[in-house]
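Structures are listed in the sections that come next.
In what follows, chain A forms one complex with chain B and a second complex with chain C.
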Partner chain A sequence: MKRFALLICIALLPAVSAAAQSAEEIIQRLEANQTHETSRVEGRMVIHDRFGRRTTEFIMFARGTDDALIEFTSAEEAGQKVLRTGDEIYLYYPDASELIRLQGAALRQSMLGSDVSYEDMTGNRGYLDTYDVRVTDREEIDGSPCHVLELEATSRDVAYPRQKLWVDAELYVMRKAEQYALSGRLLKVMEVEELMREEGKIFPSHITIRDQLKQDTRTEFIIEEARINIDLPNRIFSVEELTW
Partner chain B sequence: MVGRANTRPGPATSQAALPGTLLLAVLAALIPSQPASAEVNQRVTLEAAHAVTRGEDDELLAAGTGLAELDLRSAGSRYVRGRLQLRARVESNDPAAELEVPRAFIKARFPLTEESYFHLTAGRTRLTWGDGAFYNAGDTLFGALGENPDFTADTIRDETSWLAAAFFPLGRFAFVEPVVLVPLPEGAIGSGGAGAAAAAGEPAAAHDTSGGVRVQGKLGEIKSEASYLFRGTESYHQPAVSLQGNLGIDWYAGATTRIPGPDSRLPWDDAADAAREEAAASFGLLHIEEGASGQSLTLRLEGLVRPWKEWEETDARGADAAVPAGDTAAGDAATGAPYGLELFGEVVWQPAQSLQFYLRNVTSPIDASGLFVPGAAWMPYDGLTLSLFAALQAGEVSDVYGWQRPGGASVATSIRYVY
Partner chain C sequence: MKLSTIAARNIFRNKRRSVLSAIAIAVAAMAITLLFSLLAGMKADLAYNLQTYVSGEVRIRNPRFTEHETVKPLHLALDAPAELVEAAVATEGVSSVAPRIRFPGSVFVDDENYNAVGIGLDFARERDYQSIGERLTAGRIPASGERAAVLGTGLASELGLGIGDTFTVLTQTATRGSNAMTFEVAGLARFPVSAFTETHFLIPLDTAQYFLRMPNQVTDLLVKTTGDTDPVETAPALESTLGGLSETPLVAESWTQLRTSYAFMEIADVTYAIMALFFFVLGSSVIVNTTMMVIYERTREIGTLSAMGMEGGQLIRMFFIEAVMIAAAGAAAGVLLGIAITAPFSILGLDMGASFEGMDFEVSNVLYPKINLRSTVFVFFYSVTVAALASLLPSRRAARVSPAEALRSL
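Take a look at the complex of A and B:
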């Protein structure tokens, strides 16, 4: 869930005109869009597995790629919060008024049973800081022409050593992504199911993630409401807000 | 009080009231005006459980338990929050329902600087100081051992108390939290139920009020916490420290002791003797392994060490009347044993996110006895949990846990729905 924050950021990319570029330029355009935004998103996460289905509702505040505060609002998890600033992740459990700093193995836990982990939320550096990128192909996804990019990690401290991205060649919106292990094994697949238009911008509003190591599981992220470029004070991303 | 002050004429009163008036005026200017809001989020929990327990003379006893909980939380204001949690229990052996109020509190936040706020909490609620799922020496408020622990729940300890607390941020991830605990009669800490009701009409003395403070921050990569509490009911001082870090696996630890105050009820005349005898430390190790196919395995080991308590098995268990350091005034409800070492272990295997198998165990290694709680939980739909679990004690009658004791073995099923 570098993913969860990233997914929302990706979802909020504004539409821009298409142009032929190098892989670096495509990534830069993608990231230039997502790193200057603040946002408030209301949505739900639907987690499916072999034995059942579970829906979790949330509100997320995000600023750039470093800061995110998620508050879960569905009945079972009401008031639980996750705060990420840079590489720090804290959880807050309101019933116990307990503040927990996530480290080590705990970061690999899936967030509320979804197909994304807390680890995915950390170290949300730009692709070009941590990957070599190249354009390998051009394919259509649901009728939309896409640049196909392959990313190879340049450092070992990334969750996914290899990634493959399908970036809409006209809207510069992520249409699909695949994450691979060092061995080349496919770990996760993210697909954009629906787009939303808000204040003249187009972004994904329904994303499905499948963890390829899990059988018969998938997590859907569905954005119900999104507000972008809003004023978010610093205190939103503080321990006071987390414990409030 | 404000109205009464305004009716008293004279320059002295006016001058005395001036700083307060100025303070109110400054606060009024700083606090954003908020419309009154009556929005409420509600959560209802219903649970029905049936248990078969071995009683005296190996007779099997059956009992049913029903629980209904209504949790009301205010919403709509970013500056004031309220929460009221009502819980009713009814047992087949006693048709009279028991009403509990585990939580009833108000929180309000105020500007501290241009960029930050502080908040106040008052009422009945829980604050978790220190680290630990079951043993937590850093928890000076509720004790190193939990009262009425629930080994079938995700949160094993859930004691609450009447308190007033303030939260002042000291940067992004550091804060100071002073607290005042309203003196409660013995047994009233816990869920706000029977103990409180039993003590009704017996107001506690004001000098029994407890108060303390904790400071939390980071020392390098280690989350660090120092706390202090003066327990008015027994008149002792209790400092504590807690640390949490990661060395390949997550670890956490805490240590505390007690020092007699004026007219202390601790059975020690000398502060050094008391500090030594009441010393306690807890530690914990946690590892979570996420496997293929959506499986996860959680392993946890915790220990509570009381170096100057009993390290040899004795039949006179409980003869030492001193309440172990960090325990609540109600005493060592979990075991009643002043042994020097206790261990808690937890194994949770989730073959899928909606299915969970667990084994939780409390061991008293000195007398080689223990409590084992194996169980399974299935969550097929949103909010619905079906559970099957057992509680089995191993040990002799004189041990902390004993197979032959009434209730030494039980099996239960439960169905819970949260909406």
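Take a look at the complex of A and C:
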């Protein structure tokens, strides 16, 4: 889930009224909503698996679609950070004297045992750069009319060769997404459970992700507090600052 | 004249034929003796390695850990404070105890990522348990609480690390989150099992407990018993003694009761039985072939003996006695030669490193063949019996041939 960062960003976007549009236009409006100068989000990640559930709290800073910094604040992971800058993912652990730069197969590792992999956080190019998109249907999700879009990757450089998106036809926020392997196997499902209104903006505040390759697991992202277009020093997205 | 005397004379009358026949039997007996010694050594070695590195003679752990072992559930570890370990040591029949935490990790060196297995262990206790000091090829044992490790020499070579270098390990913790820690390479070790040498690193137990968020916890408490103690009997005693000292449920199981561990021994038993059978068939065919050829080539002699009045039954008995004599001499020589070859290797060891390279099987690179009196005596009598029985078929056939026909055949 590059989409963890993106969905949280999406959320911070203004609602826009809907009209009948081409798939490209829908994606453009969706992505326009996802792009923010800067944002700061406080939230928690609730991971459910066969052993029960556990909660991890975090603060996330983001700048545009390129840069994001997640700092975990709950006691067990206190001080651990994940920096995404462009396509690079760096992990900082207070007990390690060096940064870990994830690449290759390591990107497929689960983030803190959740249903989200680090690979999900990479990739800053827009949907239209990497997928062919088409509108296939219109469906209601929780009473909200949605455009159903199917995306086929035009590049091999993506985590999911096929995706299916449900985009709110009125608010232009993602309501649901399904991500598939090349074989057509469903890999992940994301559902927006709740929306949040803040300073005239509307955005998802509660997202549930299910990794379909794992049994009995799901991960909830819950935003407690969000601020957008705030002053963030450039240095917080730098590798040098990460070890500070 | 007694048949045994005639048989003995026949043997010495044609010394070259008799010696060649005895040598063939000796080689077969020696090969079987060597194989038996090697297999006995491999089996003892496999048992030692499983008990030392995998399961102990008795393994104590949280039963729920075993239930979910495939996902390495560190949060289902065993609560093992010092008094519990001491109580295990004090249990009758226990010789040493090794508290351990075994965890998979990703090792990062210069932006490259490698898979490895870490073991958090109490180096002081491991001196008794596995003579850890003897495994060191360079450097030192890390001190308690130190962020330092002993690396298998194979792993160190793959990572390009030497003494004093550092490496970072990323792993899942007992809180089911993740953590990474940087370790200094304090020592290098070569373990008997190549898979350990190539993938394992050892860190102090208390460092591992902090790293993995497992205060006073271990995944396994491995127990070795004194020589005359049956681990099957020690396991319930340990379970009953330690049960009250741990806040987590615990189960103590003899290594023979562990499916994953003892299965290796069962697989080994079957493999060794197949190898032994193959050698027996090979060895037996040499003995049978030699004995039968020796009789078949003597048709003219048989005709002469028959013409001189020796009856069929006497002929059969004579060849039988002759075969037994040659086989006894050959088998005795073969078995003694096998013991002579095995004896130095049973002390110095047989380096099978190149053969076992890359094999994920708990057999050591250096094997120590074991001479087993029972099996060598068995090999001797087996060889003699096969040779004696093999003499019956051609001699019975020869006994049925008329003297004139036998004399005409050559």
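Everything that follows uses one rule, which is that the second predicted complex is superposed on the first by the 240 of 244 C-alpha atoms of A that agree within 3 Å, B and C clash if a C-alpha of one lies under 4 Å from a C-alpha of the other, contacts with A are read in each partner's own complex, and residues count from 1 in each chain.
In this section, a residue touches a chain if its C-beta (ideal position, glycine included) is under 8 Å from a C-beta of that chain, and two chains touch if they have at least 3 such contacts.
Here the structure is a predicted model, which means the values were calculated and not measured.
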Here chain A is shared; do chain B and chain C fit on it together or clash? clash
Now for A:L91: first (chain B), second (chain C), both, or neither, which partner does it touch? second
Classify the contacts of A:R53 with the two partner chains as first (chain B alone), second (chain C alone), both, or neither. first
Counting residues of chain A touched by each partner, does chain B or chain C come out ahead? B
Answer with first, second, both or neither: which of chain B and chain C does A:S238 touch in the superposed model? first
Using the superposition on chain A described above, determine whether A:L213 touches chain B (first), chain C (second), both, or neither. first
With the two complexes superposed on chain A, say which partner A:S22 touches: chain B (first), chain C (second), both, or neither. neither
With both complexes overlaid on chain A, does A:S155 touch chain B (first), chain C (second), both or neither? neither
Once both complexes are aligned on A, which of 133-141, 205-213 or 259-267 in chain B overlaps with chain C? 133-141
Please write out, lowest number first, the residues of chain A touched by both chain B and chain C across the two complexes. 47, 49-51, 54, 76, 93, 95-98, 101, 103-106, 109, 113
Residue positions on chain A within touch of chain C in the complex are 47, 49-51, 54, 56, 72, 76-77, 80, 91, 93, 95-98, 100-106, 109, 111-113
Inside the complex, what are the residues of chain A that reach chain B? 47, 49-55, 73-76, 78-79, 85, 88, 90, 93, 95-99, 101, 103-106, 108-110, 113, 117, 211, 213-215, 217, 233-235, 237-240, 243-244
Could you please specify the touching residues of chain C with respect to chain A in the complex? 68, 73, 75-76, 106, 108, 111, 113, 166, 168, 170, 172-173, 175-182, 211, 213
In the complex of these two chains, what residues of chain B are touching chain A? 41, 43-44, 71, 73, 81, 107, 109, 115-119, 125-128, 155, 157-158, 167, 169, 172-175, 216, 221, 223, 244-246, 248-250, 286-290, 292-294, 296, 352-355, 378-383, 418-419
